[in-house]
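Presented sequentially are two complexes of chain A, the first with chain B as partner and the second with chain C.
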Partner chain A sequence: MPWSACSARRGACWLAGGADADVVVSSRVRLARNLCGYPFLSRATPGQRQEVIAAVRARLASTPLAQGLLWVDVQELSTLDRLLLVERHLMSKELAKGDLPRGLAVGLPDEQMTIMVNEEDHLRVQVLRPGLALHEAWQGASDIDDQLEGGLDMAFSPRFGYLTACPTNVGTGVRMSVMLHLPALRLTGEIDKVKRAAADMGMSVRGFYGEGSEATGDFFQLSNQRTLGRAEQVILRELASEIIPKVAEYERAARQALLSRRARFLEDTICRALGLLRHARLLTPQEAMGNLSLVRLGTLLGVLGGEAPGLEPHAVTQLLVQVQQGHLQKLADRPMDQQQRREFRAELVRGRLK
Partner chain B sequence: MKCDCCEREATVHEVSIQHGKRSERHLCEQCAQAKGVLQIGPMPGQAKSVEHPAGPQVARGGEAPQSSVCPACGMTFAGFRQAERLGCAACYVALEGHLLPLIQRVQEGACQHVGKVPKRALGESAGLGQEGGPVVEAGVGVGTGAAEIVARVRGLREELERALSDEQYERAASLRDEIARLVRRVGGGPAL
Partner chain C sequence: MPWSACSARRGACWLAGGADADVVVSSRVRLARNLCGYPFLSRATPGQRQEVIAAVRARLASTPLAQGLLWVDVQELSTLDRLLLVERHLMSKELAKGDLPRGLAVGLPDEQMTIMVNEEDHLRVQVLRPGLALHEAWQGASDIDDQLEGGLDMAFSPRFGYLTACPTNVGTGVRMSVMLHLPALRLTGEIDKVKRAAADMGMSVRGFYGEGSEATGDFFQLSNQRTLGRAEQVILRELASEIIPKVAEYERAARQALLSRRARFLEDTICRALGLLRHARLLTPQEAMGNLSLVRLGTLLGVLGGEAPGLEPHAVTQLLVQVQQGHLQKLADRPMDQQQRREFRAELVRGRLK
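Moving on, here comes the complex of A and B:
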């Protein structure tokens, strides 16, 4: 397992800047595919799962993708290693659970591309990019798809498109999403309006850690819901050229409104968050995320910064992943219970934001 | 005029006015029924013209799915509802009657793929490969020649429509089996 304390210290590449990073933290495109000739996973025997893995690995090995791809047998991983990969958005919670044959191919060293094998579908191809880079992410994912398809027959019907285990993914099998940081819209009380508007446009809104996770620390994942009857390019154009710029402008306007009309309130809110993070002795993940969100806003607006290297937006953003329990235990290089993690989390954040 | 969400001829035309905005829908009977357009009476402020009243095809919608079992993997619609996952690619054909309304509900009414197509499914016709065991190596895949299978399935599906509207249920059943068998070769799992 190459993900050691070292990579936990390095943070995640997809959190490293990019276009429109003040609002758009990262972009992700995921494709769902199934191979012909094998039942979907709910009906596949362990032997068939192994065959799917073997077929995919054989195909990968014969493409240029093999260079720099690391294969991981997920069922062999410890709970902690699985946790770390989920926190780094390299695999889903679904892939992490269970002990039937399943695998993950990760593009190293930047970890921007992953292929999950035997998740909900035989294949889940994912490309992650920092900032607003949906076009690049789509291009990347589609290229990988082409390479896989060059030697593997995908389950496809002219009517329903790429056939997936769940009809919510059928058609293009594509999920395009961005992670948005919208603290000002929450402070001005407009966030629910934005979430409703996004839902009305057929987008789904989830938290930092996807399905079921609360939108912690004002971070929201916005993604297309519908996968059938709309071409990838249409979904892409709508998200990248219409919806995301609109939401980003809305957030920026809210930030400017706070700065010009409620400067003292804004400064107070941000400085209190920094004060809490700099002095707390025990931190829950929610507290850490919530206050880091405000500190990030402070560094972006110039309310904070210049005083410590830890107060660069980039450094603050990396902490969002590093305060998660798997990363903490990797950094500490020992298993910790909840109380110990709260203590260690506070210590880590204190040290960074000095 | 074509149906808004599939290739069939639109026979149900609906005009609705909501919040002062006028919108039109043109649907085939199957899609109209799946969306509940044929069942619900006109809402206040909503005009509706139904050129072809519900015929035998409408009655069939409720009847056909009851007996549906996927011949490739044994999945039933009840089983799908429980697991929330389909068993194999052939389920999409075998359980289509049940799945279509559900797909349209989660996909905002869409029932026809638009977008990327795997090149191999359209590509060279290198024979259909052998029946049985899963083969995924390049060149001998069960999916080579998929385009022909796909065209054949399309034809069979039209025949199935006709058989159903003529109430030739035995013929319909064997057509459905044949479609499922072909789909299994393009994308289904080995039969249990």
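Moving on, here comes the complex of A and C:
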């Protein structure tokens, strides 16, 4: 995977810029699809898995998508390369596991489009965009879907919609999500209220690394739960025009409240985070994430003007991805144990934040 | 008290340099004396207190000690001036309290000699020296004692020795103590063992501010407990030649062990402390003391060479005194509430450690 070391150095472009980037780090649309004529993967033989891969690759090759598309046989990747792809949000932990035939197509060079083959479903199409851009991400995913369906028969029921391995995805098969940065709501103690409100509106709230991961460093993935009986446009409108703007508004209000009523506490908290990152010689991933989150907030609120004049929020966000252990080992170009990673992580962060 | 603001800016000269200053910050000898013909202070009338003061001042005036000696009527001092003197270790909390006639003589400009009048005893003579210098401090205190006794009758029993208000001081009336900086013993978890061993040898171990104060920032006052039936020279030899060198040896061994076996942990711990002090916008006294202690260790071990090349241990030790609330208000030349002090403390420390 020769591009991987290069990617590790570059960060991830879906993390830089975009609309409402002060709160919405990135947007993602994922479609779950399965091919007619093949059993769901829990019942598929290795041979059938290979056939699914062959059919998908053949179809991809005959579409304009083939341009710049990298194919990866995941079962042949090293543990480190798998880790890197998971950390870059290009594939799921689930796809990374095991040795059965499975694959990943990545749209290079921007890595904003991926297709996982033989994950939970035969196909998982994913489009990532920086900032709040669910419409664009949806349009992108929908275009890919059209290209694929032009030559592949998808399992579809007129009554239920797209059929998927897990009933929670049946229907549209669509999951739309955004990565939110909500540090002020945590500092003001309102984050749990907002999370409960999101859950009440049928949203799920997960951590930086999706299902099963704790929210780390005040980054949360918010996504729709229901896929059945609701048109994509309805889900899209609800998320992009109602729920996310409302959460963003709460976060911005919390930031303003801190700035106007607890300015010194806020500055102290953020400057301490910067001080720790600039001076530590050993850094755990949790410490790095938690403190980078506060420094990102500082760059957004102009609190760090005196301490780190040129520091941009997206440079901090990139570091969030790069401090992960797979990225570190790619950057160092050597395998490292936990202690070595903590040293190298601290060195990397120090160098960037000086 | 016009010299006080100036003193606050200067720090305390008994904190800079001296023998074994890597571990022994300062040495102190205190003598307790009472005048014949006056009751102990618990039974003395205000008039008798005034007479004691008058007798002491008259005697002082007729000796060479009068040169450079400042007299302070403590009961007339502001709360802030009292606080400043306590923080500078020039008088006890006990002397600072209350409005009965009491006084303090301070040897200017170096503030290494003080005489408290009407504290627990009629007279408390104190000599401070930087580093391990108990012999010199003892000699200094003894000289003052000789000068005083040349014109004042002290309460003395041929059987018990000097008589004092509290039986624990009867005999020599001498308390010899050193301020030790033992950060490595805390980091290696051996500090409690050393404190127990010191107690077993008849020593008392107290905090930075003496009796009743918790040890703060790894600074401990170690002093003799017994005054009865033991000659000053015996106490002196035991402390200066046996106990203190042994504790210093333990601390140095712990520092070397950390340097050779846990170098990265040590560097991380110390650099984080420096990072916090350089970046915080609000600092409590405890945080300041705790982190300054680690930074002092860093300057002694050369761990901060890359981060703070010119920083000297004694500059850090001075800050330990100056971050106290009385000093801060003198430096700022205005009264400050807790929040204002935390801000000003952070500003002061940031400025010094940049």
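The definition used in the following text is that the second predicted complex is superposed on the first by the 345 of 354 C-alpha atoms of A that agree within 3 Å, B and C clash if a C-alpha of one lies under 4 Å from a C-alpha of the other, contacts with A are read in each partner's own complex, and residues count from 1 in each chain.
The criterion applied here is as follows: a residue touches a chain if its C-beta (ideal position, glycine included) is under 8 Å from a C-beta of that chain, and two chains touch if they have at least 3 such contacts.
What you are looking at is a predicted structure, and each value in this text was computed from that prediction instead of being measured.
By the touch criterion defined above, A:R30 lies against neither chain B nor chain C after alignment on the C-alpha atoms of chain A. When both complexes are overlaid on chain A, the residue A:F265 reaches chain C alone and has no touch with chain B. Looking at the shared chain after the overlay, A:A231 reaches chain B, while chain C stays out of its contact range.
Of the two partners chain B and chain C, more chain A residues are in touch with B. By the touch criterion defined above, A:R255 reaches neither chain B nor chain C. In the superposed model, A:L276 lies in contact with chain C only, and not with chain B. Shared-chain residue A:H181: touches no atom of chain B or chain C.
Listed in rising order, the residues of chain B touching chain A in the complex are 5, 72-75, 83-89, 92-93, 99, 102-103, 106-121, 134-138, 141-144, 146, 150, 153-154, 183, 186-190. By the touch criterion stated above, chain C contacts chain A in their complex at residues 264-265, 267-268, 271-272, 274-276, 278-282, 307, 339, 343, 346.
Against chain B, in their complex, chain A makes its touches with residues 34-44, 48, 51, 55, 58, 120, 142, 145-146, 149-163, 165-168, 170-172, 174, 202, 226-234.
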